[in-house]
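Alright, structures below, take your time with them.
Two complexes are shown next, each including chain A; its partner changes from chain B in the first to chain C in the second.
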Partner chain A sequence: MKLKRLAACSLAAQSLALSAAFAQTPLSMWYHGAGNEVESVIINQIVADFNASQSDWVVSLESFPQGAYNDSVVAAALAGNLPDILDVDGPVMPNWAWAGYMQPLPLDEAVIADFLPGTKGYWDGQLYSIGLWDAAVALVTRQSTLDALDLRTPTLDEPWSGEEFMAALDAAKAAGEWEYAFDPGLAWTGEWFPYAFSPFLQSFGGDIVDRSSYQSADGVLNGDEAIAFGEWWQSLFTGGYAPGTSQDPAARDNGFVEGRYAFSWNGNWAALNALNTFDDTLFLPAPDFGHGPKIGAASWQFGVSGTSQHPDGAAAFIEFALQDEYLAAFSDGIGLIPATASAAEMTEHYAEGGAMAVFFDLSEAQGLVRPVSPGYVVQALVFEKALADIANGADVADTLDAAVDEIDADIARNGGYGH
Partner chain B sequence: MASISPDNHGLRLAVRYAVLILIALIFVFPLVFMVMSSLKPAQQLLADTASLRAFLPVGDISLDNYARAFQRAPIGLFVFNSVLVTGLTVLLCLAVCSMAGFAFVYLNWRGRDLFLSIILATLIVPFETIAIPLLLLVSKLPWIGWEGVSYGWLNSYRVQIIPWIADALTIFLFVQYFKGLPRELIEAARVEGATWFQIYWRVVMPLSGPVLATAAILKFLVMYNQYLWPLIVVQQEKYRPVMVGLQYFFQLNIAWGEVMAYLTMITLPVLAFYLALQRAFIASIASTGVKG
Partner chain C sequence: MSSKLTTSNRAGWAFAAPGIALIAVFIILPFFFAFALSLTNQRLISPNPTQFVGMQNYRDMLSVSVLRLAPDRDDAGQIQRDAAGAPVYPRIRDITRSPDFPQYRGMREWFRFHMGETAHVVIARDVVFMKALVNTLTFVLVVAPVQGGLALILALLVNQKLRGITLFRAIYFMPVVVSIVVVSLLWRFIYSPDGGLLNNLLSALTFGAFQPVNWLGNPDTALPAIMGMSIWQAVGFHMVIWLSGLQTISPTLYEAAEIEGASKWQTFRYVTWPGLRHTAVLVLIVITMQAFALFAQIDVMTRGGPLDSTQTLVFQAVERGYGKQDISGGATISVVLFLMVLAISLLQRWLTRERA
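So, the complex of A and B:
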């Protein structure tokens, strides 16, 4: 009898659980972090916490390796097979929004009021995506290097000017202690080029495309300021200050900590390696080439797919994921800059006085998003090729003119990309 | 005519072997580098690339990269998926393409040469040009399963197998091989009253070992190395093959030791398959250069 009663209770409990499960609307979610164990643990925890926290929605997660993610999303969009929730690289978002792969994110602006500017993805005046973190680059060096070369330490309020930066490179080169004075990291290709180097162009006063209309690159990518940038860029390699496009990826990854470069242009994701090697590691702000010091902004962000029938559910999940504890968990886990100051305070490295806190300040003060345009995905490739060609000795003006032609032709082919 | 002295002959033999060993080393070096690198920690691996140490099991040797590779990705699942998809595709491809080749060589039907020309013409069409139309097609195709009729083949094994069963190169291989078989055998079988299928199955196929091995190896390599197609038609990890799985190892800071460990593991099925069919493959290649 007892057994029968136990079985009946068990059946009733199962039925209740099942009915609760059936009551929940399923939401599918794709994420780019497959292969990163730490990232996978955190995102799975967020999904599990969300599913347990309410009874309206149940999120199922499918992870993709980052290198295959964008192509998978585009293919799924063509086949009408997109999930409800997507994550998207910040500069790619306008393209996906324009193409209809994403829809506006119905999230109260008050929720993200304190978020770093680079974590908010706006297109056409509407919020489409929001990031749990940002990334930033800095000029990495050592205090002992500055002391040996008798250089002042630049600050956010008083960064080096372009002349001071080149004087620092001259001093490092003349000292003869390093293989190269400066490592911009040309062994890294792809998005690294526009992310890391277009801020130099913007600091000179140029840009990849004219942001007032997004209809042409003429005048901004081949104007006087851009040519000055191009000539400076080329001088880094012809002058022997920096390794060029043939740089060994291993040298890029380890050259600074092996003492081969005096200064390295690198991101917060590589900061721990430097800190663990040299206890006098410094992360300096970008130099100011005349129009203010700039660094790239915007990393991976969450949004709602264009075909989702449940944008409210997707937004509910995204809002849930924006809690400081998750922002801090991602930061501690994979070293990225948490999106809010309150989350930064909860982290090991970005809290006030933390070894990498400077990156939060850099992101806040110098971060500039890449051109917010669907055409950016093409413009980024054109910009990368132009910079590589110039580094390899191509004529600066001709190369930039050709890049402008290519970008303008692409914009025209796509009817102005909806701007 | 100068006679070949024993000394001369020995010298030529030595030179020939030296050249062959050199060529063999060139082909073997990448594999040796891969296996040796898979045993070394990242820092040592990168440092060793500057010297011959890259090809030697020296320094801090361990299986740590293999253990970490298994933690990073479900390697067993990926290998199972690839072997299943590849194995089934190869078997079905051999069956369908050999029958097609048989029909083109031995059966008389209107439009035969035209059809063969059209099929062979598809050899010059790169897959990339038809990938998107094919994706749109398979995303809408019906399928009858246990749960009735459903639409769309995405996220399945069948979408990785069925579009690849018939291919022009394999049909071409069979056509060329069948043309070289003695016609008298076919005619004798016909006189004895055998059906076309009996001739195909009992006469032609038993004589087709070399071409079957060649076609199987070539198809195996194509299928096992598939990347673009599974990337766009499979969004679920449970159906992912090994080549897409390789992307799991390319994070911001690439752990090259784990990459090499993964590559070593996924190369094993290919090596095993090739070694199993090596004799027939070489016989087939050799026979293509011999006029009957």
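So, the complex of A and C:
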């Protein structure tokens, strides 16, 4: 059925393109999802539908593997070969906007009024990018685990406190049924670290950089709250609660469903795997370490490149792609959180009572975007190294000091990153 | 000499020209670019204009100071001791982050040593670079002789006239033709702490007495593990170079040695080794340069961790230039690395020169 529709659409697009080739302005678009078949089908469908729906523009799509996407964009920008429409990872957007790789997205605010806050990319007071979906992280476990350990089920209104969380880990460790009580997923290097773990730091009361000015990390990344976070983080590994940095990536992907870990800190993209294995899988909200429970927000988003001559055409395509139908298609296809509540209702897992609806609520209630600064790209790497070092037993205060010095020196070298 | 090079040698220059042009465009010119960039604050991505900063990048990378610390004393003047009886010293962060010592701001402890009660703490502005420098030098000092020696032994073994010896030559050479990225991934599985091949093998050989080691996750074993894997991977390449050297030695020399009644060792010492002189210089210089360029293994296997125990200069240059968008920082490391390799190569040339 789907295939048939797709074939019909692409046929229609082809015939339209043939008949109206002279009137249409070509727009190029880059996307990060090469290699994922389901994702390719959906994005190609949107492009085909758009090309068939009007006669002013014709979008051509080029897909890249995610690992090489950012490098390709930077290289293309240096060579002056950017496409018209880009997709961009939310926290990276300010860096590209600041560097002039992207221009403000001329989109009517009314169109995105109902969108989850994490899907809107603002820099310098202007909208640069908009996402069709968001992602969220939850504490994944099983009802049977909570029952066996005699633990209270935390809710959005009443999440576990830090003490309750550690008591739960202690209970799981003492039970001895699992290899490790908790799997934070250190096998996933790169953006996973700041995305998944900086919300813990924020819940302790610290942050990666002082968000009032974005000019320094001093006092927020090495203050008393941050050091308390660091001590707690280190205790997860020295205390034998969690596998460290040399965790096998295969153990990360399958450890929970193989019953090796009692609790897993994992995203909605991995939720289907857990649900298919255990009927009683639970997605619990983040623990509250004193300053409210927090999880990371913002995923991949669409925007207009800085060199595009046709921002109106690019915006027309992006607005077309923002229809609930497509939001729902991405969600059903690859498990992402649809950006609007109305689209969520159309999906299999995020509709009222759906197995993953809790992620929509988590995203709405606890989502916090990573620092909105062009310097985030560097700060993310510094933060990742600091957390890996602390997990490996480095002195907490000295490591955080070094991270602060590096972040501050980088901000100074960049003239404050235009804040 | 110079007249010979310049006169009536057009064909020679014509043959050399493509090579010289390629080296000039892809090696010499980029080096001058790198040197120029290292004197600026050039970024990979930035709307800010590039500024000339002089030697600032070199100062930020190479600054080192020594702090002499006396142990803490209580009110009675007694040295304070911790639970284990060791004297307690003031924390370095109280000095480096104090407004009283602005000159130490941003510096961090690299290592310390004790003389009497006084602790001498070496603090550096860029500890990661310093560790990368030490790791790279250690890697070169171990890999160059071990890999060269092992390759020579293999070359001597496969230089015999036996049936099926080409099979062994092919087997020893095989790791060289496989991409280093693939080899690194495979060795990550071999070194894996849960169920890795190496741990299982050692455990089986010792009838279970061997305790599994987290080879790449332990700061003490990570660099030696990468050394071992690197030596294994490239040893076949140098074996082939040694082999070509061995086969240029005239068989008549060996026959003469046999007639004179030389032992195997004497034959090697007085016939083989002198005949390998030029090969030895080549092998040594090539291994040294390759070892200084250590990158792919680090990038795939450890990314510099754990605790900076496998940071290397080239990995840091790439990490800074592309990861942290700091082209000038990466260029500065490249310039320092180039000068080091150049100095060591010249030294090796001088040490192994023909003594007339």
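In this text, the second predicted complex is superposed on the first by the 400 of 419 C-alpha atoms of A that agree within 3 Å, B and C clash if a C-alpha of one lies under 4 Å from a C-alpha of the other, contacts with A are read in each partner's own complex, and residues count from 1 in each chain.
In this section, a residue touches a chain if its C-beta (ideal position, glycine included) is under 8 Å from a C-beta of that chain, and two chains touch if they have at least 3 such contacts.
This one's a predicted model, so the numbers in the text were calculated from it and none came from an experiment.
Asks: Check chain A with both chain B and chain C modelled on it and let me know: fit or clash.
Replies: Once both complexes are aligned on chain A, chain B and chain C clash.
Asks: Give one of first, second, both or neither to describe whether A:N414 is in contact with chain B, with chain C, with both, or with none.
Replies: second
Asks: Taking the superposition as given, does A:E177 touch the first partner, chain B, the second, chain C, both, or neither?
Replies: Neither: A:E177 stays clear of chain B and chain C.
Asks: Taking the superposition as given, does A:D71 touch the first partner, chain B, the second, chain C, both, or neither?
Replies: Both partners, chain B and chain C.
Asks: According to the stated criteria, A:A34 is in contact with first (chain B), second (chain C), both, or neither; which is it?
Replies: First partner only.
Asks: Does the superposition put A:E62 against chain B (first), chain C (second), both, or neither?
Replies: After superposition on chain A, A:E62 lies in contact with chain B alone.
Asks: Looking at A:V378, would you say it contacts chain B, chain C, both, or neither? Reply first, second, both or neither.
Replies: The second partner, chain C, only.
Asks: Between chain B (first) and chain C (second), which does A:G244 come into contact with in this model arrangement: first, second, both, or neither?
Replies: Second partner only.
Asks: Could you figure out whether chain B or chain C reaches more residues of chain A?
Replies: Of the two chains, more chain A residues are contacted by C.
Asks: Between 99-107, 225-233, 243-251 or 261-269, work out which stretch of chain B sticks into chain C after superposition.
Replies: 99-107
Asks: Under the contact definition given at the top, report the residues of chain A touching chain B in one complex and chain C in the other.
Replies: On chain A, the overlap between the chain B and chain C contacts is residues 71.
Asks: Within their complex, state which residues of chain A touch chain B.
Replies: It is residues 30, 34-37, 62-68, 71-72, 75-76, 78-81, 249-250, 253-254, 269-270 of chain A that touch chain B.
Asks: Going by the contact rule at the top, pick out the chain C residues touching chain A in the complex.
Replies: It comes out as residues 41, 43-48, 60, 91-93, 96-97, 106, 108-109, 127, 192-194, 214, 216-217, 219, 303-308, 319, 322-326.
Asks: Quick one: in the complex, what on chain B touches chain A?
Replies: Going through chain B, the ones touching chain A are 43, 46, 49, 71-73, 132, 135-136, 139, 152, 154, 231-233, 235-237, 244-245, 247-254.
Asks: Applying the document's contact rule, which stretches of chain A touch chain C when the two form their complex?
Replies: These residues of chain A touch chain C: 71, 74, 77, 95-96, 98-101, 189, 244-246, 248, 251, 377-378, 381, 385, 388-389, 392-394, 397-398, 401-402, 405, 409-410, 413-415, 418.
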